[in-house]
Structure formats: structure tokens, C-alpha cells
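Next up is a structure, given as C-alpha cells.
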Amino acid sequence: MSEIIEGIYQAINLILTLNPEMLEITLRTIYISLSSTLFATIIGVPLGGLINFKTFKGKRGLVNIIQTLYSVPTVLVGLFVFLLISRAGILGELNLLFTPTGMILCQTILIMPILVGFTINALSGVEKNIEDLAMSLGANQFQTIYTIMKEAKYALMGAVILGFGRAISEVGVALLIGGNIRGFTRVITTTISLETSRGNIALSVALGIILMLIALVINLILNIIQEK
Amino acid sequence: MYLLEIKDLNKKYGNKKILENINLKVKTGINLGLIGPTGCGKTTLLRLIDLLENPTSGKIIFDGINTSYSKKDKLQIRRRMGMVFQKPLTFKGTVFHNVAYGLKIRGENKDQVQEKVYRNLELLGMDEYAERNAASLSGGETQRMALARVLVTEPDLLLLDEPTSNLDPLSREKIEELILQLKKENKTTIIMTTHDLIQGQQLSDEIVILNHKIFQIGKPEEIFRKPQNQFVADFVGVKNVIQGQAILTSEKLTMIKKGNITLYSSEKGNGKVFASIRPEDISLSLEKLDNSSLNKLKGNVIQIEDVGAIIHLKVKVDSEIFTVYMTRKSFLDMNISIGETLWLEFKATGVHLFQ
Amino acid sequence: YASGQGGNEVLVVATTTSLEDTGLLEEIEAAFEAKYPNIDMQVISAGTGIAIEYGKRGDADIVLVHDREREEELIAEGIGTERNPFAYNYFYIIGPSDDPAQIRGMNAAEAFIKIKDEGEENPDLVEFISRGDDSGTHASEKKIWDATGLDYSKTIQTGKWYVESGKGMGDTLMIANERQGYTLSDSGTFLSFKAETQLEILISESEELLNVYTAIPINSNLVPDTNIDAADKLVEFLLSSEGQKIIEDFGIEEYGQTLFTPLKNGPKPINYI
Amino acid sequence: MYLLEIKDLNKKYGNKKILENINLKVKTGINLGLIGPTGCGKTTLLRLIDLLENPTSGKIIFDGINTSYSKKDKLQIRRRMGMVFQKPLTFKGTVFHNVAYGLKIRGENKDQVQEKVYRNLELLGMDEYAERNAASLSGGETQRMALARVLVTEPDLLLLDEPTSNLDPLSREKIEELILQLKKENKTTIIMTTHDLIQGQQLSDEIVILNHKIFQIGKPEEIFRKPQNQFVADFVGVKNVIQGQAILTSEKLTMIKKGNITLYSSEKGNGKVFASIRPEDISLSLEKLDNSSLNKLKGNVIQIEDVGAIIHLKVKVDSEIFTVYMTRKSFLDMNISIGETLWLEFKATGVHLFQ
Amino acid sequence: MSEIIEGIYQAINLILTLNPEMLEITLRTIYISLSSTLFATIIGVPLGGLINFKTFKGKRGLVNIIQTLYSVPTVLVGLFVFLLISRAGILGELNLLFTPTGMILCQTILIMPILVGFTINALSGVEKNIEDLAMSLGANQFQTIYTIMKEAKYALMGAVILGFGRAISEVGVALLIGGNIRGFTRVITTTISLETSRGNIALSVALGIILMLIALVINLILNIIQEK
């Protein structure tokens, strides 16, 4: 277990010395995971809202499929997107492979089911009557959905935090789509995986600790936003 | 003009018919009372009117617009109505937020919202509560907040589902005054359900007696004095109902016989009828008096009930039991006790007939 | 410095993990980009199979691998332009220090036969951990089995002693350490991991253990949009005396010994064709 | 014996004192009515008694056990109580599931649960609803289900928070009968809040008038006839309250003066006092009659209100306005109209004094 | 994209031929991920319940930390458990490394924060008054918690499905702790990752499809359980 103590020590050291490469990797990690979370939220939450509020045939089945997608392995999403954006793929022209943009795209897809699914979960927890109340007070469909989301904001924020957690901690997509290119697509998780395969376990632990600190800070910020 | 017309409205939940064949016209500016037993469909009807639910069949026409056609108009129509729900409901957040909601979603500017919210909270004696967490309000406070929440939007049609059920008498009186004032000053049309018959009678221009179907529509005094059927009579608490055989004895007089009892009514009737006499129309005396009342029955006091202002007596005449109201004063003056023999007197105009 | 900035021409290099994991490519990248400031060299390290796949699909401009058979296939398909061997080292046969199968001093093929025999007899004591992932290292392992005259696919079915990790070199070494088994490792990875394990090099420098690293630019005629110019420049650089010097010196600082021998400037391995 | 004793109870939310210095003893088997304006702390008090909330200070002693001590006893005590909440609350699931809940968690066997649930549902006329989704019940149905849910557990102490606020008159009457029956047959002690003063008066053995503090505890007739202070008088709707200067003229008579009005009361008073006369104790005549009533005032009719059974008159005497109740019959007989001059008469025993 | 069609084809083929190795891997995958989900549920849901119902200082902070743990990278958990159960570790004696049991242990730890966090989320969505109602009707603490969980069962089942999804789709722990040893700790995700590194994209896609089918079936079963 000495590696853990060593890891903590190294983590403190990395933070205190403000290692420029570390800083760059950290900022990129935040940028990529926050962007994917943002996009997935912007698309997934309204989509979840729509599914929750519409009654249609096969809704139950759709929710089942969305929940099944929680189980999609990152490599599978990675492969799928890879086939799409690799030069030989349909979107090959866009040159997205091995770029941060490609990573954001892929992670957005990856965490989308979580956001859609847990939006549905969160909203279905809100009393049905609140919907009536909002509508009765003259809210249009959009305003009604927005109101109910505000009622469920605690649960929704949980989903967003989870999506963010999945994005920032994810390594499969980051490796396959990002390629772990130093100075360009290297993020904390891929660095951990590289350092682990190099046998630098203490350094990996240190990086893991830094990742957790980032996540903590971002969660705190998201929680403050939620309070408003 | 009719603000609201309901035509052949039906509503089922599953196979259960909740509302059957509802036809109703509500004039602009009137106050319509919706009265009926628990589970009779009052809330359902209000929800249908507020376009929160779709009818199984039938039409709801609001201000000339058929609400089932124009899907897009629904929102606009709903914005001209306001409903206070029976179940206390609050948005998370402060009382201010709750009351401001309707204005905010209509995009009114901040100052206006501020002003209107406070004005309406004041109206309901709730201005001190503005910054309180709405969820922590008491039952009655919640109800007043809910009313303020609807009033800020100045609806043309106000739907009130038991708006005073959680209020103490003083607060209730205030709300009742407010409702009357709204009608007078803002020409707001109001449909309200109530379980409080006195309230219904006092506040309404017209009353609908509902029990899945409409049993009677009429002015309060019609409903209470001339129930059109047994259901309404029972429900509005018409106390002395006697089923008997009627014979028209002259142009202006019907004679009703039930066992040894003979009654005279100034209304027309024939064959099997119900006759009802309002308790306060019956006067009591210790001896048979010689006066113009056509109906004079002898009976024994079997129960005395002290209901505050008024004493309720039950008097057995033949096999029928009559309820009679009298003031405490005359009760004490006559020194009535159980078992005593009394004479009941009432005029033929006081005997109402229905089937 | 960050290679993401400055360069306006991108060179994507797909490499097997062993080159990246040792850190050699980082130094090469630094020097190469210093020489060609307008080229941004981007290194993708992946399993041999997927690295070659990247090449085939045009996602990489050049591949650095160590699996002769597949390299030749790639040339034959016309996807790779030519093989450019630029460095080599030897695989090691690694095992527990008490060497339960007693293979010390043998050549690679003999050692494999011994491990198999002992392993079949006593699978609790003697195990061989194979990468089993069709990597360059795994390909070399198969070649050694071929050299023993045994049929590879039958051999690996003969019992619990043959364990397939299906993972990269580092992880496979960890498994070997945990199970106290034998394995075949490239020298660079083992030296990186030595400190973490109680395993020892039992056999090195056997002829069959030769491990040659090759650079293959991707043919821009067949796979459009690849940056053949920069790829050629990298090959040129790897084979230049400057590049060869970097390879020769790499590792002395960290491990006290060289990890790779430059193939153009350095001594040629025995029997090298 | 006292089933419940409350000693020096205080409850604050934040800095707001909700309940102050509550002292109350509830005898086993009695029916205590808790009456007070909206937001006065009724629900809070019931919640404290049900041990759902902790007092800021003070003690609640249930059946001799101090509930603030023994944390473990709390559950046992709570199992001897049952509360019907003001806000309609349902567990997800059927009506049956809701009503069976209390029995299931007490580990009763299936047959017993089945039997008790159906017996109580029937008692409340809800047996047909057993398999219905509880969330889809109407307001009144929910309230009846909530009562059944509590009754199945046969509590020693029943806490009812506005148990009939959503019920129509007929259902309400049934519930009221049920409450009286529970008291009689099961010796259940009941504490109930109500906004319906008549209900409070009819059902309660004792009434507590609450407004953060206890303003009066007493038998219903004491509360309604002899309010101890202005708050209670106002609240219970004592109509004719006159503030005047009292002089004790003899052993048995107090004279109260207010402007040109002089009143006589058979109660003792001195200095500044309030005098109240119940509207139904006042009789009206067109001329000053020569009888034994000590109080005879002349006034003008300024308002006539028809409240169904009874007519309410407002009569202005000097600068005071008196409310008088009379039956429709005598109203018609006397042919009273607005502006008419009348004589008000009432006995000295009908004038109640308080400060 | 031809690999995807090829992948679907191969998936059908793998299923129809009942490839014994595939079958074995599939069963192991189900065994390991269901076991971890089960353990995490048994521990995490009551724990979440406890946290939700107790009021204590630092509760808010604790929830924040739990939510932060959504972001814990699988490699980090993997490394931590690795250091714990490897020969040199404290639990080295137990010989858990590179065994299915070790994988279950590690995945249980991995998905625990999700179960605890989303249990809190789900329960906090239940109206506070329901708690009072249960207590008032005589429920003891345990019964109260159970009642509220039943009220929130839809959201809770969402958390369980998510935990299962994370466990079955996870590859970092499976590789690091399981070791992807053929015939012993190899599961679908590690096979996918192996086949991907081998460049067998179509086969990887096929395996991914099979994984999704398994997840679908298990979700359906969980949903049926929830209905009761």
C-alpha cells in the first residue's frame, strides 16, 4: 500500500509545483468532460422531458432500451464512432479522429442515455398534479416542462453530475477516439492508463487523486448552481 | 352572453361513467355554485372546463370558441381561466415565487410582477408570508396563497374547488367577501364547488346540483325551496319530506294524504307526490290555535337538539317525524320538554310538492 | 512544450505500446519536431492489430511495429510503402527467481519445451503466461513455439499451465509476477516494471528472441489523404545519425542500460537478414 | 385518569413562536375540540402530540409516560395513536394497501388484515373502492380512506386534523356519527381540529381555543356562551359585543353604560367590561311591551339577510349595531322591512360580561 | 461502416452456433456483473437510506463526496484494490487477484457510490409527508425506510439498472483485477478490448451487440420485478 502514500505525496507535489504539462492535461480533461456533459445535458434533458410527458405506444419499451444503453461498453461506443469518423468512415472528411472534438462527440453519445434515462426518472418522481398546476396557471408546454424540471432539480443535477462523472472518468473512448496524443488529446485517465502500463503506479494514483479533486470542485460548483 | 357552454359532455374513467350528459350554460359575470356529494364529479368537471382533461365526448365552448377544435387556442383559453385546486399544491420555493408564477410565464415585467403579487397577497392577508417557504405554510395559509396565485392573473373565469375548506370562519368570511367583490368589480365569472350549502346559497347566483348527472339547475332559493326531485331534496337537507297521495281539490289547493295525516298545499299535484315543509315555516303552540293556517297537526316531542343559535326539535306526528326550528328564547318561554304534546301549524303556501 | 500548438502539418504515428511505454518516442518526437517545427507529430499507441488497422484506414500516416509477418503483409497489400527497420532489442524470457522449471542457460526453444513439460506435469508450480493478444510480442512467442517443432495451437490446449492474459505487456508481467509464472517480454517494458516485480530475466540474447522495430509509411496512392511527406521525413530522421543516436542513448539515464540498439549505425544482430 | 398531559409546551420554527406555554390535560375517553384561526398552530400541536416533531421545550406525557425521555418507547406510544392528516396523503397502490398498512407493519396475519380492512372500509362506505388506485380518489373519498386507515389500528388516542373539510353534508354527518360512536363504544379519546364551529360544538366534550397560546379551555356551552376574552368572543362569533362602563348596582345586577345605551346584566362586573348578547336571545316587537325583560332598546333595521332557515337582521341602536336572528315565519308575520323602527328586548340573564 | 453489418452478422452467428467459449464468457459476464450489482444494492441502498433519513452535520458534504465518487476512474479503483489484494498487499493472503471473486469485489466498490448516491436522490424525491404518514401509522424506523423505498421504487430500480450497466460495461477493473485470463476471468468487455487491439473490429462489434442483448434481457427482468 506504500504506493498510495507515495501517490498522495506525488499528487501534492504535482499540484504545488504547478507542473505545466500536468496543468495542460488537467485543463483539457475539464474542457472535454464539461463540454460533453454540457451537450449531453442540452440534448438529453429536453429529450427525457419529451419522453416523460408524451404518452405514446411503445414508451415503456423505449425507456427499457434507454436503460439498456446504460450498459453500453465504452469501447463499443468508441468503435462505433471510430468507424464513423475514421478517414474511411462517412464523416471521415471532418477529420475528427484523434481530436478533442471527436472525444467530445463520442463522450456526449456515451453519456446521453444516462441523461435521458435519469431525466425521465427524475421527472416521473414529480407529482403529476404539479404539471396540472403549471398548465392551469397558463404555462405553455415548454414552460410546463421547465417548471417540472425545476421541481426535480435535485434529481436532475444528480443525473448531470453522474454524466459528468462518467465522462471525466472514462478511458475507453478517450484512448480509441482521442488516441492519447501527448499535448493534444491526452487527458488524465489516458495518462493514468499509460503510466500504469509503464509501471508507475504511484504516479497513477497521484493522477487519480487529482482527477477526484477536479471532480469534487466541479460538483461543488454544480451544487451551488443548483441551489439557485 | 354565455362565457361558457357545455354540450352533451360525458366523461368516463375506464368503464366508470363519472359525468353523464352534462349541459350547462354559464352567463358572463355570474357566480355558479357546483354542489353535490363526495365523488360526484365536481372536480372532474372543473378539470374538464380548465382543459386539463379531455372529455370522452361532448363539447366545451369558451367565449364562443370550441375548445376541442383548435389545439393551439387551448393555451390562450387556459390563460383566461384560473383554478384553485381542492388539493393543496405548491411549487417549491417561496410564497412570492408561487404567486408570481402565472405572471412570469406570461412574460410580465419585474416591477409589475412585484406590484401585483404584493397587492394580491395583501388582499388575502398574506403579505407577511411572501418570503416564506411555501411548503411550510399551514392548511389555511396554503389555501389563501393558492387563491392569490390565481387572482394575480386576473382570469375571466375563476374555477374554485372548495376554496374555503381549510379556513376558519373569520378567514372564510373574508374570502367570501372577496369573491363577491371580484364578481362585482371585475365582472369575473366564477364557478365554485362547495360542501358548505350555506356558502353555496350565499355566494351563488345559480346553483347546479350534480351527481354524475345534473339533477337541478336554478337560483339558490329555487334549489333550496323547490327541489325538483328526491335527490336534491335529500341533498340540500330539505327536512320534512312526506310521500303521499295527492288529490287536486280546487284550482288553488291540493290535498295530500299519508296515513292519518292530511296536508294542504297551494301547489298543484296529483297521484304520488312528495311534499316538503321547511322546518322554519312550522310554528309550534301548546294548544290548537284558531288561525288561518290550513295545516294543523298534533305530535309529541321526541328529541331536542341545541345547535347554538337555534334549537332543533323532532316531533312525531302519526308515523312521520317532523323537524322544527325555534329560537332558544321561545323554546325557553314555552318550556318544552321531551314527550310533550304540541301543535304544528303551517300554511298551505309552505308545503312544496315535487316528484 | 505542447505539440498540439505551432505545427500546421500533422503526422499521425501509430505505434505498438512497447515503444510508447518505454518513453523512447517522446524523445524522438521532441527532436523531430525541433527539426521540423511545422510538423506536429502525434503518437497513437495501441495494440499491433489496431495500430495497423489505423494505418489501413488512413487514420495514421506511418506505423511503428515489430511483427515481421504482418509488416510484410501490409507491404504486399500495397498499403505500406516499405519496411524501414530502425532499431532492435531482444525479448527476455522472464520467470521467478527460483526458476522452478530450471530453464536458466537454455536457448529459447529449449526453454519453452521445458516449461511445457514441467507445466503439464505440475501446473501448480510451473505456468507460462502468454499475452495471447496477437501483438508483436505474441507473434514472436508463436515463432519460438514453431522453432520447437510443436504445433502452437495444440500446445496451448495442453493444460492449465498455459495462461492467456489477453493483455498488454505490463499487465502480463503483473500477472506473471502474481502467479509466479514464466513469460516472454520485450526488454524495455520489463526494465520499466522490474522494480514492481520479483521476477528475473532468465534467458536473453537467444537468436529467436530478436525483436526488430520497423517504420512503415502508409502509401498515399492507396490510402488517400495520408501525409506521406512527413512520414518519409520521420523515416529519414529515424535512420539519420541524429535519430540513431537518440535510440542508442535512450534508457541509460533511467535504467542504467540501453533499451534499444540502433539498427543502421549500431552492431547488427546475429543472423539478421 | 388523564391519557395525555402537556406541560409548558413551546414550539418555535426559527425565531417564530408557534406554540407558547401550552398546558393541557386530556381525560381518557373524552373528545377534545381544537379550534383556532388559520395558522394558529393546531396542526403543529397535533404533530407534536403524535411525536412527529420535537417540542422546543416542555413535556408531553402519554398515559403516564414522559415521551421525551424514552426514545424507544416513542414507537410504542405512536402505535397507540392514530392521526388523520389535514393534507390528503396516500401511499402509492390500492385503497386496500393503504388501509392495510398499519396492520401489516404491526405484523397482523393476513386473514385478520383482510377482515379488519373491509370492516372499516364498509364503515366509511368505501368497501367498493378497495381495489382502486388510491391516488385517483376524489377529495372526500381520500379523506374517508384516511380515516379508515387510522381506524383499523384501533388507536387509544385519535388525532383528527380537519377530518371532514372535504366532505359534503351527508358524508360529514356520517363521519360525525362515527366519531361519536367511537367515543362511546371504543372509549377512544379524540382530539380533533375543526373550522366548523357547529361541528366543534356538537362533537366535543371540551373545547380548546388556540391562537399560539391557549385562550380558553372549557365545555362547548361555556366557550360559546361565556367567552373569557375578546379573542374568543370574536372567534366563536359572539355577535353583539359592547364595550362599556360597568357599575355593580346590587348583589345581582350590573349596569353597563355605553353612550345612550344602558344594559343590565345578572353577572358581576366593574369598570371597563365587554357585554355580549346572543342574537337568538333577543326578541323583537313593533311596540315597547310591558314585560319582565330588563333590557329594552329601540333601533332601526338596517340590513336583512336571508340565510335559509333563519333571517339575520342588523338593527342600529344609538351607535351600536345589534344582530338579531328570527324565523322566517315571524319575520313574515311582522312584515319587517328596512328602516323600520323596532324594540329589542332581552333579559339581564342574557347579557354576558367578560374583559 | 461495413464492419457494423459484418458485426451484426457475426453476432447472430455466434449466438446461433452457441460457440462454447462464447457461452462460457457470457455466463461469466452475467455472473460477475449481477453479483456485484446484488452486493452493491444490498449494501448501498440501505446505506443511502440511512444517509437520507438521518440529519447530521456534514451530511451535505458527505453527499458531495459520494457524488464526486461517480467520477472515480475505474483504473483508480482497480489500482487501489490491486494494491490491496496483490501478493504484497494487506489482503494478499486471500489470493483474490486475477479471480472472478476479486472482480466482483472491485466492481462492487466501483458501483457503490452510484447506488448510495442515487438512493439518496430517489428517496429525497419522495414527499417528506409520506415519512410522517408511515411513522404516524406506527412504522418503526426500518419499516418507514422500506415504505419510502417502495414509494421511490421506480427511481431506485433506475439506480440498480445503472449500477448493473456500469458493472457489465466496465473494462478497467475487469482487466486490472481480472486480468482477462482466458477460461477464467475473461468477460465480454475484456474480450472486446482484446479483439479491438487485435484489430478485429467486426468481432468486437458482434460481442458488443451480444452484451447489449444480455443487458436488455436483464433490464426487462428487473423491470418485471419492479412492477410487483
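In this document, chain identifiers A, B, C, D and E correspond to the written order of the chains, with residue numbering beginning at 1 in each.
Rule of thumb we're sticking to: contacts are C-beta pairs under 8 Å (C-beta built on N, C-alpha and C of every residue); 3 or more make two chains touch, one makes a residue touch a chain.
Small disclaimer: the values here were computed from a predicted structure and weren't measured.
Chains that count as touching both chain A and chain D, per the definition above, are B, E.
Touching chain B and chain E at once are the following chains: A, D.
C-beta contact counts were set side by side for C-E and A-B; C-E has more. The mean-CA centres of chain D and chain E are about 57 angstrom from one another, to the nearest whole unit. One finds 35 Å separating the Cα centroids of chain A and chain C. If you average the Cα atoms of chain A and of chain E, the two centres end up 18 Å apart.
Within chain E, residues 127, 176, 196, 201 each touch two or more of the remaining chains. Residue positions 87 of chain B each touch two or more of the other chains. Of all residues in chain C, those touching 2 or more other chains are 46, 168, 171, listed in ascending order. The full set of touching chain pairs reads A-B, A-C, A-E, B-D, C-E, D-E. Chain contact summary for the complex, chain B toward chain A: residues 47, 50, 52, 75, 78-79, 81-83, 85, 87, 89, 91-92, 101-102, 105-106, 149-150, 153.
Residue ranges of chain B in contact with chain D, taken from their complex: 13, 35-39, 42-43, 86-88, 136-141, 144, 161-162, 165-172, 195, 197-198, 201-202, 224, 234-235, 237, 278-283, 307-310, 325-330. On the side of chain E, the complex with chain D involves touching residues 127, 129-130, 132-140, 143, 147, 150-151.
Looking at the complex, you find that chain A touches chain C at residues 21, 24, 86-89, 92, 97-98, 175, 179-185, 194, 196-199, 201. Residue ranges of chain C in contact with chain E, taken from their complex: 46-50, 52-53, 132-135, 163-168, 171, 174-175, 177-179.
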